[in-house]
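Heads up, the thing below is written out as structure tokens.
Each chain gets a letter, A, B, C and D, in the order it is written, and its residues are counted from 1.
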Amino acid sequence: MSSLWEYANPRKFMATSGALLPWVSGLAVLCLVGGLFWGFFLTPDDFRQGSTVKIIYLHVPAAIMAINVWLMMLVASLIWLIRRHHVSALAAKAAAPVGAVFTAIALFTGAVWGQPMWGTWWEWDPRLTSFLILFLFYLGYIAMWEAVENPDAAADLTTVLCLVGSVFAVISRYALLFWNQGLHQGASLSMDAEQNVADVFWYPLVTCIAGFFLLFLALVLYRTRTEIRARRLRALLAQERTA
Amino acid sequence: MPDLGRYATEVLTAYGVSIVALAALVWLSVRQARRVRRRLEDVEARRRAPG
Amino acid sequence: MIALILRDLRLAFRAGGGFGLALAFFLIVVVLVPFGVGPETGRLSGIAPGILWLGALLACLLSLDRVFQLDWEDGSLELLATSALPLETLAFAKAIAHWLTTGLPLVVAAPLLGVMLNLPGPAYPWLAASLAVGTPGLSAIGTFGAALTVGIKRGGLLLSLLVLPLYVPSLIFGAMTATRAAEALDPLPPLALLAGLSLAAAAAMPFAAAGALRVNLR
Amino acid sequence: MVLAVMDLSVGRGLVEVLRGVSFRLAPGAALVLRGPNGAGKTTLLRTLAGLTPPFAGRVEAEPDSVAYAGHADGIKAQLTVAENLDFWAAVFGRDEVGAAMDAFDLRGLADRRAGELSAGQKRRLSLARLLVAGRPVWCLDEPTVSLDAENVARFAAAVTAHLAAGGAAVMATHIELGIGSAETLDVARFAAPPPSAGDPGADPFGGDAPL
């Protein structure tokens, strides 16, 4: 065990991730099923929001992970940029669809929650709109990977895109606050879990957040393994053509 | 089944769609993984075979 | 760098150069809006700043895929890359040329089209100012998008997908400047933010664009 | 020495094409690259010009000393011949285009739009740019494509003059130019062997052992 960078070696990564994957997946299923079951069946309704409060067990973890997946892609892209570790670039590629689905879930549950609370399916609230823009960034990022033939060039181009996109995501966030002060402000409607959610909702929520995180980890490991195999397949086919 | 009151449709839709989306993501990942793995095994076998 | 800008301007004005296409597109978008939302002048004047900004933004987007694609197809881009001109300067010059051929005409045309949408009187100078300040930012950001997608077959659609989310802050600040002026509120804060955004984009984007070009040329 | 290449490995995309290429060009020297299609002549020239990064090895040349001419002419159809040359002169920081026009007999075409030129005339315009660029090392990829015998002779004369003035040239070409001092390099000799695990620049996913 010499250094963390050892895991950037494809073979080493395959061995380690293969050993980890069953545990991570098992734990993810346990936390996710347990947390959602707990939240859905065993918690009371909120006195103002009624049963819609149960949506937070999906909405809040998905929203937290939507942002964190992008941050993980940013870090992985930077590692590729600085140290040229191929596995890092492939992990960023593998994470993007997961992040896009999480963002879509956060958006959808947010809209469904908003319907009874605000009386409209879609409210151009700054926070919800930021997630819409984040979703567009995910789509652009995925499309960029698909469009470029050479995998190293694709990794470089998506890295630049991810860097620029991150800066613009932050700028957009503040531009949107400026644009519309938002409906998320009322305390009892707030989605800020830490401040406003009682313990009885808090524990299942934390379990669900852990579940979403572990699911993300499992999916990224699994999908990165696929991407590594796809790269090897590509390399071998290229060798067969030149031989 | 807990009593969801008058928001039953909203809550059930949110859970239903989210779970379907996660399941679809997992299913697509698994399908793609299997496909790539099978093709890679074919090529590796071809490499090991003499000639 | 000046030579490059002059050449791009000359190419744009020659037959088939595409100068005026963006302007015509802008005109058509603005003319189509009343067909969609109805002819009441009150409603039109309320949404006029947004429509004009959105039209300008789409017109800007329309001409972006020509920024590097033509030079890439005929080999000029490779030759420029081997010249003493740094790719950063090249990207900056391209952004300036794009603004001169697309953004500047839009700035001039927007107040005229504002009349058709019944834009309130006090908003005219602020609309022109916001476009004058904002469109260079759009050109700089768009040049980066064009650099990312140069060499990709049918990259135009991808270019739109990549660039449009990046245009969100400019659109918000730009349209808000004109809207606030129309509503007799202080339009200066969003205009200042827009100016900051454009300056930052003009300063930083050529480097990102040059990085993308370097990858696409190898 | 205007160009020195040391143990250079070059490739297209992720595939290494040539390995261990080494040569040195003194002022006045010319090197003709030969080899079948796809052997890697274009890739080598692009690497020498600094467009494609090498897999391994070094290219040593003065900064901004290489002029590259590829398959594409880099000519704007809407501009006249003179405008095209003036533009490239400005890009390379020079203002003299008359000599280049004379060398490739373009005076009569100066005010024609480049889009109206024949393929051979376009090629002459593209080669005239080399003189306009005024750089000591020429890297030329099939420079004589679509030139007739008379213009091939003009091109050979331009190269000879360039060499006599202390320049150097690397050319991929199939025809005999009749430049006395030119040496020939068969790139097929340097064809990269099938990749194995320890190669520098080899695809890290292409090793022998399965994953």
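We take it that a residue touches a chain if its C-beta (ideal position, glycine included) is under 8 Å from a C-beta of that chain, and two chains touch if they have at least 3 such contacts.
Computed from a predicted model, the values in this text were never measured in an experiment.
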* Could you tell me between which two chains the number of C-beta pairs in contact is largest? => A-B
* To do: Taking all protein C-alpha atoms shown, work out their mean, then name the chain whose own C-alpha mean is nearest to it.
  => C
* **Between subunit A and subunit B, centroid-to-centroid distance (C-alpha), Å** => 16
* Structure fact -> Per the C-alpha means, the centres of subunit B and subunit D lie apart by a whole-Å value of 51
* Asked: subunit C to subunit D: how many Å between their CA centres?
  -> 37
* Asked: In whole angstrom, how far does the Cα centroid of subunit A sit from the Cα centroid of subunit C?
  -> 32
* Structure fact -> Residues of subunit C that touch two or more other chains sit at 218
* **In subunit B, residues with contacts to at least two other chains** => 40, 44
* Asked: When you check subunit A against every other chain, which residues touch at least two of them?
  -> 229, 232, 236
* To do: Please name which positions on subunit D make contact with subunit A in the complex.
  => 13-15, 194-195, 203-206, 209, 211
* Structure fact -> So, in the complex, the side of subunit A touching subunit D is made of residues 10-11, 14, 86, 149-152, 228-229, 231-232, 234-236, 238-239, 242-243
* Structure fact -> Per the touch rule, the subunit C residues reaching subunit A in their complex are 144, 148-149, 152, 155, 158, 161-162, 164-166, 168-169, 172-173, 176, 190, 193, 197, 205, 208, 211-212, 215-216, 218
* Partner subunit C, residues of subunit A touching it in the complex -> 133, 136-137, 139-140, 143-144, 147-148, 153, 156-157, 160-161, 163-165, 168, 171-172, 175-176, 178-179
* To do: Could you please specify the touching residues of subunit C with respect to subunit D in the complex?
  => 2-4, 7, 10-11, 14-17, 73-76, 78-85, 217-218
